[in-house]
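Input: one structure, supplied below.
Letters A, B, C and D mark the chains as written, and numbering starts fresh at 1 in each.
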Amino acid sequence: MSLAQVVDGLLPAPVPVRFVAEDGTPVDPPPAYPAPPDGHLLEGYRRMVVGRRFDRQATALTKQGRLAVYPSSRGQDACQVAGVLALREDDWLFPTYRDCVALVARGLDPVEVLTLLRGDWHCGYDPVATRVAPQCTPLATQTIHAVGMAEALRRKGEDAVVMAFIGDGGTSEGDFHEALNYAAVLRSPVVFFVQNNKYAISVPLARQSAAPALAYKGVGYGVRSEQVDGNDLVAVLSVLTAAVRHAREGGGPFLVEAHTYRMDPHTNADDAARYRDSEEVERWEAADPIARLETYLRGRGLLDADGVAAAHRAAEELAAGLRDRMNADPRTDPLELFDHVFAEPTPQLREQRALLASELNAAEG
Amino acid sequence: MSLAQVVDGLLPAPVPVRFVAEDGTPVDPPPAYPAPPDGHLLEGYRRMVVGRRFDRQATALTKQGRLAVYPSSRGQDACQVAGVLALREDDWLFPTYRDCVALVARGLDPVEVLTLLRGDWHCGYDPVATRVAPQCTPLATQTIHAVGMAEALRRKGEDAVVMAFIGDGGTSEGDFHEALNYAAVLRSPVVFFVQNNKYAISVPLARQSAAPALAYKGVGYGVRSEQVDGNDLVAVLSVLTAAVRHAREGGGPFLVEAHTYRMDPHTNADDAARYRDSEEVERWEAADPIARLETYLRGRGLLDADGVAAAHRAAEELAAGLRDRMNADPRTDPLELFDHVFAEPTPQLREQRALLASELNAAEG
Amino acid sequence: MTVISMAQALNLALRDALRDDERVLVFGEDVGPLGGVFRITDGLTKEFGEERCFDTPLAESGIVGLAVGMAMGGFRPVVEMQFDAFAYPAFEQIASHVAKTRNRTRGRLSLPMVIRIPYAGGIGGVEHHCDSSEAYYAHTPGLKVVTPATPDDAYWLLRDAVADPDPVVFMEPKRLYWAKDETSLGERHAAGFGRAAIRRQGRDATLVAYGPGVPVALQAAEAAAREGVSLEVVDLRTIVPFDDETVVSSVRRTGRCVVVQEAQGFAGVGAEIAARVQERCFHSLAAPVLRVTGFDIPYPPPKLEHSHLPDVDRVLDAVDRLQFGDEPDVLHLAREAS
Amino acid sequence: MTVISMAQALNLALRDALRDDERVLVFGEDVGPLGGVFRITDGLTKEFGEERCFDTPLAESGIVGLAVGMAMGGFRPVVEMQFDAFAYPAFEQIASHVAKTRNRTRGRLSLPMVIRIPYAGGIGGVEHHCDSSEAYYAHTPGLKVVTPATPDDAYWLLRDAVADPDPVVFMEPKRLYWAKDETSLGERHAAGFGRAAIRRQGRDATLVAYGPGVPVALQAAEAAAREGVSLEVVDLRTIVPFDDETVVSSVRRTGRCVVVQEAQGFAGVGAEIAARVQERCFHSLAAPVLRVTGFDIPYPPPKLEHSHLPDVDRVLDAVDRLQFGDEPDVLHLAREAS
């Protein structure tokens, strides 16, 4: 194969892959990627509806002081859901703080997902049982862990794949570069999924990168890359499915950039009015991924009013259960602070634990 | 301009730019880049001959215990010399430990260049007077300093440009990624010059990167890129000159990868036999940049035996002077260790200086 | 006399520094239009323009490395690390270049730059947002390390840091950002750069603290006073350079010392303080120098941080252990004499 | 009894670890065919193959981050940082993930991994190749920090580190790589992981040292003995966990203590040792705990390092300042009593 062909094989499509137009009509002709089965699309719709409701509930919980902070992914729903639908149960996911909805869509207990943000512990779920790494805050650091896990799986002979989520801002960190390069040199079965939601807190993409698109970073590592309309679940799911298959079949890593938008502020604590105008946000309302998929599925006769109602019922159920459980104060034990520093506490930690224990006893009695 | 055109404008040529074939005959047709003026080529030849001699002398000085260590750049002579010939006196250079020959070619005092490796101080020359940053050991860290300096020059209204040298291995460090991205977003007047000498100590390029070529990293940042035959001084000089002009005229950063080869071990302390066979090294002898340019210049009637002899006389002169000066033990003052930590030593440093002073006095008297 | 918060004082200091010296630049993550996540740079881009205060791409090693290059080029960058733990990616740039460039070049290249780091906890922040990282920098030769405890010091120490010919790591105790205090920014504060301040005079023991530990020490002294114990409180203000003179003369007077530090204790700044004090005041000490510090654990989740943070009770417990009225144990000296 | 160097002992330890546990992997820069720049991994790729011992691309954050991921996946990576200062790019991975993952996940994810770091100077290395960085790691909760001073300890401590369920930063004193000593690798060494060793018994004062400071302390004790001064030498072996028991009981016996540390002194491990000792042995101390450390300067160029490194004379000078025969100054206690 000529070098020119190699390069072409690595570069993304010049325009983001899209199956469904903003108005919900199918794009004609459809992209070369195989369309996901209808069942997947319906499942994707349901999980987006439920995820959106979870997201709104979590934001509400911050107002009631039940969460220390919450970073909403409203508007990125298609990415959140497609990201996990593209994976098998035995595949690993390396999410960021932004990706709570993805974890709920993966089936994790919503309360355990929110433990970090409620503040009773750091990671609330079992990463080994769920095959979901702790939500990562130090930007881009999780991408190299994902490569390590992919190498571990490969060496153990498992045909599982790893997917690492990262934001547009995170791609500027050195660790993202090192992760792409390691994955390429080791040919690790890992998919890097960039949710380009146009902002890193207040910093717009134009101040983050001068690249034609973030997906053009792949070629510089020999990593196959693609860019996709991140608000078109059909497109995100089909491209990620292809990327995961590529990785699973030994083709090495794959970089996917999804063009989407963060509808809410960075977190409930952020004041987005300081850096973007409401017109911009309204324009993106028109591109809402859930409305788009609903129109598309109805147009294809795959979804009707009952199906929509059922999805919303499921969403309300989850929200109600979450509300109730989050209203109870979590049980915490200060002495647990010493239990997990090491498998066996050092003599120094035992002394410090004893000091705290005596304080607690004194306080009680 | 269409995105496809933008991308094409950023990508390097699929094969390295070359003006002169290994046998010293001109490539026909010549590349699109303007050929450097003959005077520059002759100057380049002279400086390569002198630089090569300096390099051999420095290696000899390690055997005599006059240098703690020396990393030879033999084989990379064309890159070392073209890198500085492409710059104006008021342009800044950010070199690595590998680039002593470039500094000598830039006109720095060879003894001051070797101070770091002799070990009487860290940086021996005046970075401000020479506009050459201290030779940098922590890999890739200098590339982001170069961007900062480029921004400083731009803001001060100087039309000076900055060139940062880096090796193939260094491109794997996160700082290289951050530097390319910063330069692209800020449109800084900086040229990143990668001397791909095929090895990072013992690690061959194939284990360092899976990219079609390192020059393909540029597009992912929106940085214009080119690759060149690093043993063809005509090609390296013409491409770097174009890159420097691009940066000087406000076009933003430029990434140039030169394909060359490190003929000697990583340093005199290295044992290259452990990781590469002599056949490979011999194959590269045939690509020697000095012999190639000499044949080319003779073929074009620009250089004759006298010119060659003159260059070698200059080289011997420099070597002789260097030998003599390096045979004298350098003057060092232990108390100077406290003089440059801060502009004003802290009380603690004054105490520690006094302690050492008293020890030194006791030792003397 | 005006009453302002530390956050306002820092913002004012940056504003005045930008106004007084055109070589001063402010950059980092979200410091532009947003004004920083703590609003310390609020309004600076508006007032001084994009060229003087701007957002960088998201990369801390890049931010610090860019500042190094610009300082080499004659500017005086003041960069913000968004949170303590997010300065770690810049550690190589800080330890290998920021701290060493002047020395490396025999003073020909100096790096007058300030790295602002909001640090420590007590604000209910999630992991990575509450680290006490001052010791990493204080242990690195070539860095000055400063941490204010009052709005007045925040203003003047930051002005001093920006004016300093050498790099300064400026540690800002997050939880004191909103603490308001009387300030007279017009007149220069008494204590200069490198000098500690005696925040409260006392006879019976000296509490040595800095940054977030200072209000805790002052509250403890207040409470002790009610019990008739008179505690002196020393606020270091600058960790490097260290003001031995003020600390030592206080402990020589009181004969007892407790160090208060929020950071995990092991090999922290408090260890250095205790080591220095006993080296210099041994014969004045009636009891060992005790330390009240955070535990040697990763910073706790928000709901548990109160159990970790040194508080008034822990400081008072330590003071109680200073053996007031005890005779020192001289048995072993007797043994030795015989 | 065989006589081998520390470098050989480390190589043997890695070889035996790779042989005994297939989850063990060795990777880093130039650790493959080259065998590492110090040859500590010599022959491992040849014997165990590419999959068990391999070269990575040149990026330290990547090396440590890869190890984190592989440890999450059930492996036991042993990674090499080529030199002390070249571990700094990995600082965020080490401080924010290696040290915190077990705690973050309530023990569900543990990271049994070893980060080997050749450190400290005395080998005529140029800048960035001789940093003493142990305090950065020792101050970070969640990391065990180990540093051997003999070939025997190098072998057993590394075996222990690889077998440990938690991450260990394994600091290798470069200048001791080639120091040979009698070893009996067959039988388990006496002292276990976390225990200090008394290298030499003495009555008059205790020298506490670790890593590169240990031979200096032993030579000083040797010299002092000729003057009739009997010095005990304690080798910490593991900095975290810290063996208070051994250190404290020695100082309580001798009544005097000098800490020997090559690193710059300010807020170093020696400060922690001095602080702990005076906290626990105050009434047994006839003189302050003194520290003999490197200066608070960037590591010197090769031709000047001898002026910086703590040597026998500096240790003996400190011992002389331990006020032998002096009566302790109890004046101020008298003052207070009255």
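Observations, loosely collected:
Convention: a contact is a pair of C-beta atoms (placed from the backbone, for glycine too) under 8 Å apart; a residue touches a chain by one contact, two chains touch by 3 or more.
Model, not experiment: these values are computed from the prediction.
The chain pair with the larger count of C-beta pairs in contact, out of A-C and A-D, is A-D.
Centroid distances built from C-alpha atoms place A farthest away from chain D.
If you average the Cα atoms of chain B and of chain D, the two centres end up 37 Å apart.
With centres taken as mean Cα positions, chain D sits 41 Å from chain A. Distance between chain A and chain B, defined via averaged C-alpha coordinates, is recorded as 43 Å. Annotation for chain A: residues touching 2 or more other chains are 121-122, 138, 172-175, 177-178, 181, 185, 207-209, 336, 341, 346, 348. For chain D, residues that reach two or more other chains under the stated contact definition are 57, 59, 61-62, 85, 88-89, 92, 96, 100, 103-104, 127-128, 141-142, 240, 242, 266, 295-298.
Considering their complex, residues 51, 56-57, 59, 61-62, 65-75, 89, 92-93, 96-97, 100-110, 141-142, 144, 165-166, 194, 240-242, 244-245 of chain C touch chain B.
On the chain D side of its complex with chain B, the touching residues are 29-30, 32-35, 37, 55, 57-59, 61-62, 85-86, 88-89, 124-129, 266, 295-298, 300-304, 307-308, 313-314.
Of all residues in chain B, those touching chain D in their complex are 68-69, 116-122, 137-139, 169-170, 172-175, 200-203, 207-209, 271, 274-275, 330, 332, 334, 336-338, 341, 346, 348-349, 352, 356, 359.
The part of chain B that touches chain A in the complex is made up of residues 2-4, 6-7, 10-11, 14-15, 172-178, 181, 184-185, 187, 207-214, 216-223, 252. Considering their complex, residues 121-123, 126-129, 133-134, 138, 141, 144-153, 155-156, 174-175, 177-179, 181-182, 185, 336, 339-344, 346-348 of chain A touch chain D.
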